[in-house]
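First comes the structure, then the notes that go with it.
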């Protein structure tokens, strides 16, 4: 899964019927030190993530493995908000 | 999902039978400020998108999760037309 | 789907049983002006494409959505031969 | 499958219900000489891997092909701990 | 499918139960002139390929479309040994 930060949101009225009710958040991949490195992509918010939070994003058919997204034309979902990351024995990120 | 702009269209008469009736649009990934950054790829138009519009593109098996594309040999679909994008608290794109 | 040109073919006698009878073509991604940009990859020929033709290639599980490739260990199929591409209102490619 | 080294772990309390009980490890792709080359990604620990170990990571829907991860929104799993790698006839890595 | 050369093998004793009996080979992507260009990845040997041979590798869920790999946590399989490659009308590779 991708380590990413929520950097914003997207609004769309003209969309596939199956997307109604799904929140669209913009995320960007980060390092384990919470540094932005990736291009923006849009993921379905599966856990009530807020702007600025470090999250895990599952992509591909994994994005359809929740009750809210089953059988929907989506390929990325935020499925966890990160409390902390530990690398080489040291905490590299801790949710403030 | 990919943030992308519709930049054109593709026409094909010799194609897999299952593609009949599906509109082929050319899209390119953009930044959240609507700047083109990606290579062109072809996606099925799932929502009646027009040239120049900023859209969301779902890829992989997600592209087959609509009635029109179920079980068809397609791996990318336009599933939303974007009204606006908000990044770091500011609107970075609004549909004119 | 990838815009690509057929640049050659591959022959294999020792292969998974399920590949018998499937034609293996070498394709490379191109720009919308038919300029080669991508690394070579091998795709199943689903529409009788010829060398030099500009085609659409679907990848991943999409490659198994035709009667000939269902349940076979393949991840790329040529599913359309392109007649023309139009970008920013102008024809960028037309099949000769 | 990706050759990767376990470099750390991730903790998350607010997550998709289906992730409860799954251990989240941070891995980075390596060369066959155990040199780190890839960006960090998070994978489900399927085999009890420890920090510093060289492992194999399967991605995409493959990550859901174990009893613990079936139907869960995950796209990467550690499915083997490597004992050794042999390249061009010489051992390039052996587990200490 | 990826054109790749078998460059070695991987050994693992601690692994997902479903991997027992599957041979793990290290492959690297090549050009159509058999020049190594890709990073090493591990694929299941589906056809008895040997070190140095040029092969085709199918990735993603395609890797599970053979009797030996169905429902296993694997995302890459060697499904053909290449006899020859022909590009722009000339043979660019022939198995010695």
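A few points about this structure:
Each chain gets a letter, A, B, C, D and E, in the order it is written, and its residues are counted from 1.
Criterion: a contact is a pair of C-beta atoms (placed from the backbone, for glycine too) under 8 Å apart; a residue touches a chain by one contact, two chains touch by 3 or more.
In UniProt terms the chains read A, B, C, D, E = EutN/CcmL family microcompartment protein.
Bear in mind that the values here come from a model prediction, so they are computed numbers and not experimental data.
Apart from chain C, the touch network of the chains stays a single piece. Among the remaining chains, those touching chain A as well as chain E are D.
Relative orientation of chain B and chain E, expressed as the C-alpha superposition rotation angle, is 145° to the nearest 5.
The geometric centre of chain B is 33 Å away from that of chain D, both derived from CA atoms.
Taking the mean of the C-alpha atoms as each chain's centre, chain D and chain E sit 20 Å apart.
For chain C, the set of residues that touch two or more other chains comprises 60-61, 63. Traversing the ring of touching chains from chain C and stepping first to chain E, the chains occur in the order C, E, D, A, B. Residues of chain D touching chain A in their complex: 7-16, 18-19, 24, 26, 39-43, 51, 60-61, 63-64, 71-76. Within the complex formed with chain C, the chain E residues making contact are 1-3, 29, 31-32, 37, 46-48, 56, 58-63, 65-66, 77, 79-89, 92.
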